[in-house]
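Should a chain be cited, it is by its letter among A, B and C, assigned in written order, with residues numbered from 1 in that chain.
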């Protein structure tokens, strides 16, 4: 095993892990504030990629403008979903499974709707970053190298928002006790909607960064949602920081795991690890049960 | 006659298909201490939650300072001068004590300086938590948590403080402490509506009281009248009728 | 129990069986009968899954894996190894039951619903990936085809044949399995087993304090549920005679069955049967709009959860008598 191969695995792991962290942190944020497992989170990625592709490849908008519009579009869709589907289910008894079922249904319906609207064709978002970066002996296209950088900036900003702003205080208060938050005047319902939108925004960023090196298709969120759940469980359900750490860890484990087996076993390794860890540490690797 | 501070006008409340309050009418005058007393499951917590807007009413009206609050959400209350101390403290467990107390003033949108002034004023009532301001709320003892919860309620600068079972689960010494606090809060002109299962505590502490049974007000009167009422004495104080 | 079974469940089941048994004599259309066979197989699947999902209250999302295990085990042992499908069907059931017990063990340690849902879903994904990756044996996503049908049997001089083209025999077999499984489940639910299940669903703590052995009861329920689903997988394999990992253990199967159970009514005995009938029929009716199928299934699940959370069964009981608050399964304390 050469040093180059190790370095390559490390970097690939970081890139994949950064995407897992972005998607997983959003799932964790939603679970942390409203105890909802959002199975339609993968479709927020899918929509983000399609919106960006439409802006760039179809409408011919400048890249940054197209991405900004895509981000806003996804956040609006997520807010509508939270209002129309999640909030009504949460208002009832025995909601914890029902909301899972409702978002599973929504996930499949959105995939199917995307297929009807945009077709089954796999579309490509053109590379939007040029050049190659030299890391030691490795040459890495900026399009890939930028993924962890963008992810950490986005997650860093989210953490600042969460722990250093008045709005973040509202989110944390709502997460820890929604009724008590309402009692001091915090509009918990609006906070829930905002958290849904914010989390979908993180997923859309992940999808936009991935789109040029993968493809844009109706099912592109599917492989990531279960990974995001794995990340969220490993990080301790609802724990924002834990999800980020677990996302990176899972990316690295997969990357090195694939090095010793082969790529088709990558997901078996992740899910096997997930079940094994739940077996021995049901509340996650980092033990924290703190919400958001 | 002056306008009551809070007036519940024949409110009905349901949980799903089950109705828990039936035409409850109740008022709190400015500066008054009012008790809602009743056995377990009589709906006395629901009365407070309905007043606060945390539980919607299906019939009747909720008036606060002459304003109809019936259809307005809970979040409209703190800014209007109503605060609640929820049952079993209900702090934000992973936040610091300071953050918990400061959040009580959320609806007042104070400047940094005003917030600090208000914070110091309120904290003066609670010397026992002054040393724990940076501790995580969940790590405090039950009694200390109750103090933080009351402090959080006072940070809203309320004219009416709702207290849901403020004495529940406290040792007798702590109960006396909370009772003493309630008196001092009331002396500042804050009206208090609280609920309690024990008749002696309820009516002994209050200017007026209501007895709730199965979601209906069955008796009301001044604290003394209530304590002297033969029905209260027989059923709730365990005395044989003379 | 009444909220699960309704009144006079035996009579209802007997009537359903009679009406179904009359179908081949009334309907002269092999295509319609084919749809009914699929309905019977999926109804068995739905009832098996509903045992953990609705009646035990364990929100598992991986039962399509047991379907695939049952289907692939019997298909491989009969097709590749050459054993009789009449024998291998039961080996498939056994394999599914063992897998059910196996996945039940980590789940028993967990009381948090999201953990249960994710672990079972991850398990199903692993099964699908194993079937897809183990190409030497399963041919991967190319699929396993030419699976032998059940060998013909002779009863009173009449030869009954099974398999894809043999509608009469296949219908009879599917109906037999349907009736047998539902009679077994009904008999179990009417007894101590059923009370135990509902007690666990309504309150694990209360069930424990009644000295119900939670571990054994839950494992038994898991294994039985998986076995029934595995049986439906075996019937499916030998009827259609073709399998792929994605069509058996993929997310579409999960959503299809979830839609059937939710449309009919989670945790009711007859609801999932009704759901399976409606959605199997609807799927075939909309065959030419194939792209719409998953949109309809997905939307069915979401809309029913929002608008009619107790399914069609809930609608029927509500009309009969006022819905009592106690009808709702109490939300178990979650961590």
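General observations
Here is the rule we go by: a residue touches a chain if its C-beta (ideal position, glycine included) is under 8 Å from a C-beta of that chain, and two chains touch if they have at least 3 such contacts.
These numbers come from a predicted model, not from an experiment.
At the far end from subunit B, in terms of centres built from Cα atoms, lies C. Chain A has its Cα centroid nearest to the centroid of all protein Cα atoms in the structure. Counting contacting C-beta pairs between every two chains, the top pair is A-C.
Between the Cα centres of subunit A and subunit B there is a gap of 42 Å.
Chain centres here are Cα means. That of subunit A falls 32 Å from that of subunit C.
Centre to centre, using the average C-alpha position, subunit B and subunit C are separated by 52 Å.
Within subunit B, contacts with two or more other chains are made by residues 16. Among the residues of subunit C, those touching two or more other chains are numbered 328.
Looking at subunit A, one finds that residues 93 touch two or more other chains.
Within the complex formed with subunit A, the subunit C residues making contact are 59, 61, 106, 109-110, 112-115, 117-119, 121-123, 125-126, 129-130, 132-133, 251-252, 254-255, 258-259, 262, 266, 291-295, 297-303, 305-306, 309, 328-329, 331, 334-335. Listed in rising order, the residues of subunit A touching subunit C in the complex are 31, 37, 85, 88-89, 92-113, 115-116, 222, 226, 229-230, 233, 237, 264-265, 267-268, 271-272, 274-275, 278-279, 282-283, 289. Residue ranges on subunit B touching subunit A, taken from their complex, read 16, 52, 54, 73-79, 83-84, 86, 90-95, 99, 103-104, 106-107, 152, 156. Residues 93, 169-170, 172-173, 176-177, 179-187, 290-291 of subunit A are the ones that touch subunit B when the two sit in their complex.
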